[in-house]
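So, here's a batch of structures to check.
Two complexes come next, and they have one chain in common, subunit A, joined by subunit B in the first and subunit C in the second.
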Partner chain A sequence: MKNSTRKIFISIILFWSLSPLIWQIYTSFSTPASLTEPIGTTLNRWTLDNYIQVLSANPSIFRYITNSTLLGVYTTLTTLLLAVPASYALIKLRKELRSLTRSILLLTALFPYVLLFLALLELAKSYNLANNLFLLSLPYSALSMPLAILILSSSLNDIPIELEEAAKMEGLNLLQRLRVVLLPLMKPALSSTSILVFIFSWNEYPIALTWLSKTEQLTLPVAIARLAGSSVYSVPYGAYAAATVIGAIPLLMVTLVFQKQIVNGLTQGALKG
Partner chain B sequence: MTLSINNIGKRIKRDWIIRNISIEVNNGEIAAILGPSGCGKSTTLRLIAGLDKPDEGNIYIDGVDITNTPPMKRRVGMVFQSYALFPHLTVHQNLSLGLSVRGASAEEIKIRTSGILSLMKLEEQQNSLPSMLSGGQRQRVALARALLRDPLLFLLDEPMSNLDAQLREDLRPELRSLILKQNKPVLYVTHDQHEAMALATKIVILNNGQVEQIGTPKEIYQNPSSYFVSKFIGSPKINSFSSKESIITAIRPEEIRFDPNGIPSELIAKEWYGMNQVLLLSTKLGNLRMMCTSDVCIPQRINISWDKDKEFNFDRKTGKRINI
Partner chain C sequence: MIVLILPALILIGFIFGYPILRYIWISFHTSSVANGLIPQFNHGINWSRLINDARFWQDVLQTSRFAFVSVSLELVLAIAIALFLNQPFKGKGIIRAVSILPWALPTTIMALGWRWIFNSPYGPIDRIYNNLTGESLNLLSNPKITWIATVIADTWKTTPFIALIILAGLQTIPKDLYEAFELEGGTQFKALYKITLPMIIPYILISVVFRLAQAFGVFDLIQVMTSGGPAGSTESLGLYAYLNAMRFLDFGYSSTIMLGSFVLLIMGCLTVYCIFKMTKISIQK
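This part shows the complex of A and B:
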């Protein structure tokens, strides 16, 4: 591709993916009245009221950010704790069994999880699992497990078998081998898996909506949705936009910090035949 | 200390990769397992290391059956073909890891690692990652790690194959004296006959998962028990022709000499090796290689002969040595 066409192509993609975000930021700083007017016609269109409203609400948006963060951390830790041993077991399986298991995992990873939400609601009802962030992290981890196992097992598979064998000869037991040799070498895959799981848990809406009802336990997406539905007669677009902008910041920061590891982890092994 | 392997065999489904292999190695002996690729030499080593389980037979160290002992508890010092150094750990950490896992005190770890680092001339590299080392240095780290294991025996899986030819030759005497000094049984896997000849006190020739012959390098060379062994050992390769219906006769190139009353032959090609030269001759028995010193005067008309008692005769069907 020529350099100029390439630039145009990239610009189009950037515009396509960034314009909703820019629109959201623009809306968050606008007064409700100005939103219905063409750009440039209203004089006092810029305002911080939306942000003030979101931040001064009781509980404030930080409460929800804290909830979402906690839920994300629980989900990520639980997922890794289960996916690492599962991946290790997976690569030790016989070849036919291994590829069969991988295919099944891939199928479940592609399964639209929203279809499970009624069943999960029933579970929450009959076993009293509602309104507890840690308990909510369990279905989240279960849903993240296929993808996590696929990424982690392919990274484990890339580690030369002699390294683990050398560790065996040195007298390291299974846990020591994992801790000292295998996990450090899986770092890129571990961080990209963590980020993907964290993002999933941060954005998840339908299950959180049904499992959480107490205001002080809500996660960010559910809280923002409540904001939108708080009045029968109008949708507070400005406040809604302000909340989403604030809610996106932590995720954006995490992604920027770990950008390199995410890309490394996802492309690991991609170059080998 | 004696390592003795008794009739071990390993199979994948119904196919035996190796079978009926029995080897005995004593303290201070270096036994080279030599054979073409795919003959099962690495498999044999993995069984002794405990990385794979044999399907039959037993392995003993000093009479103690270790066939079912897990590799973590086997006290075997192994050098892998790829060296298998932990890429995320420094040289020092690579060496101290095993010691600390096996419960050595901080004081002991310090003394032993600094001792081995100076023995291996690796002091300056101790804080480097393996990726920053040269091939020879990596090999020394791998060997140092095996030495720190306090092993009952050493297993070396083609430790030279990742080095270039020049370095290999330089390191050979060093490696030999170092491992002989340990006075432990050593098993050394290689596909390189020169390496086996130079290093080993005993050579085990494997072919198709079976032992062809066990003997000192000299015995193997001078007294091959099968056609395969005679062909596999010796450079330039041994000459062979069929003298009778069911017999293959072989003669080493250096045994052939010029003889006015011998077999008439014609010079096809000449290879010069400095001190020696190899002549490729066409005769009624087929093409024969003849090795002679390079200052020898090649006659206009070439006639060759050799002593009958230097010939080896093999049964064409079984490949086994026969006496006529």
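This part shows the complex of A and C:
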């Protein structure tokens, strides 16, 4: 490919991926008057009012960001706690049993989980589990478990069996072998899995929407959607834009910092699944 | 060994299995706010209602249209992007990081963003259209075209995901295959058709089946961008089931819609899978 064609292609990709975000940022710094004339020039184009409005809201947007982060941490820890032993067991299973388990995991990973919200809501209502972020992390962990087990077991599979056997000869028990030999070697897979699970739980919407109703417990996606529902046709959109920009920053950072792990995790999940 | 895997399997089995069993049971009962949500057996009234429910079938068509058009578009774009990213060039890491951003950001946040971009008369798209034609596009208020706006937003969000998987597939193709092909006098274009595409078919297959299933369950994007409107023209099955449960408080019928959608989805995925299997065989021959 010629250098000039490549440059055009790169520009298209960058423009396509970034322009919606840039438009949000642009909107978030615009005065209400200038929003009605987005392309033409008016006086007093720039303002910080939208951000002041969002940050002075009660509860503040940081409350939702904190909730989402907590939920993400709970979910990631629970998922890893169950998925690490499960993936170890999976590669030691008999061949037929192993491929059966893997097919079941793959099928559950394909399941459009939006269909689960009603039964989970009923459970939450009848056993008083709603509005509790830690309990919400249990269904989240179940939803991320298939991908986590697939990624982790494929990385365990790549570790030469002699390594573990040598450790066994030294008299290390399973827990010690995991800690000293296996987990350090699984580090790349563990970080890919953690980051993917974290992103999933940070972004999850339908189940959080029905599970959480108290304003101070909402996660960021639900809070943003509520904002959207509150006044559908109102023109002063600047405050919404400011909220979406602040809301996008945490994951923007996560994606840029961990892009390698994200890419590896996604491709591992697809390749081995 | 079994002890180690059981906790995970029990959690998965419960979270996926219980709802399905519960839906099957409750779909044969009346459980709505009218009877205080105390399920009463109703001889399959929910199911006959589903079969005769024009809104359900309209949503089936709309959801399938959304899923099919988005996934096709995403696939074509993703193959192009993956082929491009598979070449060596400077700054690839940055391009890759930027292109996965749409996938990583919360759907509701960007759905709200897209609603503003497509807003008429204040959004940029409508402005540009207006300057060119003197008319308003009304992308979010014209029932004939609003679904296209949802397809664009979905394509923007999930193309990177498919591109990454296909890129992973491209990287498994050994370079000497191409060298051998060139030695025999094959052109670059022919190599794409004869080597590249057949080799990445498994990756295309898995991403298409996965994406079709996810797109069929579309919910966040539609709820925030259009709330199913205008005139129900973008309502998806997930949204319809949600409305029945949360707004009309009819849990019995909501469960029936979800089960019905699920059955249709399985049939759809099997069809796609079979078509792919058949074309794969014909390509190999």
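Before moving on, here are some points about what is shown:
By definition in this document, the second predicted complex is superposed on the first by the 247 of 273 C-alpha atoms of A that agree within 3 Å, B and C clash if a C-alpha of one lies under 4 Å from a C-alpha of the other, contacts with A are read in each partner's own complex, and residues count from 1 in each chain.
Operating definition for what follows: a residue touches a chain if its C-beta (ideal position, glycine included) is under 8 Å from a C-beta of that chain, and two chains touch if they have at least 3 such contacts.
Note that the coordinates shown come from a computational prediction; the quantities given were computed from them, not determined experimentally.
Aligning the shared subunit A places subunit B and subunit C next to each other free of steric conflict.
Remark: in the superposition on chain A the angle formed at subunit A by the CA centres of subunit B and subunit C amounts to 100 degrees, rounded in steps of 10. The larger set of touched subunit A residues comes from C, when the choice is between subunit B and subunit C. Of the two partner chains placed by the overlay, only subunit C lies in contact with A:Leu120; subunit B stays clear of it. By the touch criterion defined above, A:Leu163 lies against subunit B but remains apart from subunit C after alignment on the C-alpha atoms of chain A. In the superposed model, A:Trp202 makes contact with subunit C only, not with subunit B. When the shared chain is aligned, no partner comes close enough to touch A:Leu175: not subunit B, not subunit C. By the touch criterion defined above, A:Pro184 lies against subunit B but remains apart from subunit C after alignment on the C-alpha atoms of chain A.
Superposed on chain A, the gap between subunit B and subunit C at their nearest CA atoms measures out to 15 angstrom in whole units. Looking at the complex, you find that subunit C touches subunit A at residues 1-5, 7-9, 11-12, 14-16, 18-19, 22-23, 81, 84, 87, 89, 91, 93, 95-102, 104-117, 119, 122-124, 127-128, 156, 160-161, 164-165, 167-168, 172, 203, 206-207, 209-210, 213-214, 216-220, 223-224, 227, 238, 241-242, 245-246, 251, 254-255, 258, 261-262, 265, 269. Residue ranges on subunit B touching subunit A, taken from their complex, read 49-51, 70-74, 76-78, 80-82, 84-88, 97-98, 101-102, 145, 149.
Taken together, the subunit A residues at the contact with subunit C in this complex read 1, 6, 9-10, 13-14, 16-18, 20-21, 23-24, 27, 35-36, 38-39, 82-83, 85-86, 88-90, 92-93, 101, 105, 108-123, 138-139, 141-143, 145-146, 149, 199, 202-203, 205-206, 210, 220-222, 224-225, 227-229, 232, 235, 237, 240-241, 244, 247-248, 251-252, 254-256, 259, 262-263, 266-267, 270-271, 273. Residues 160, 162-163, 165-173, 176, 180-181, 184-185 of subunit A are the ones touching subunit B in the complex.
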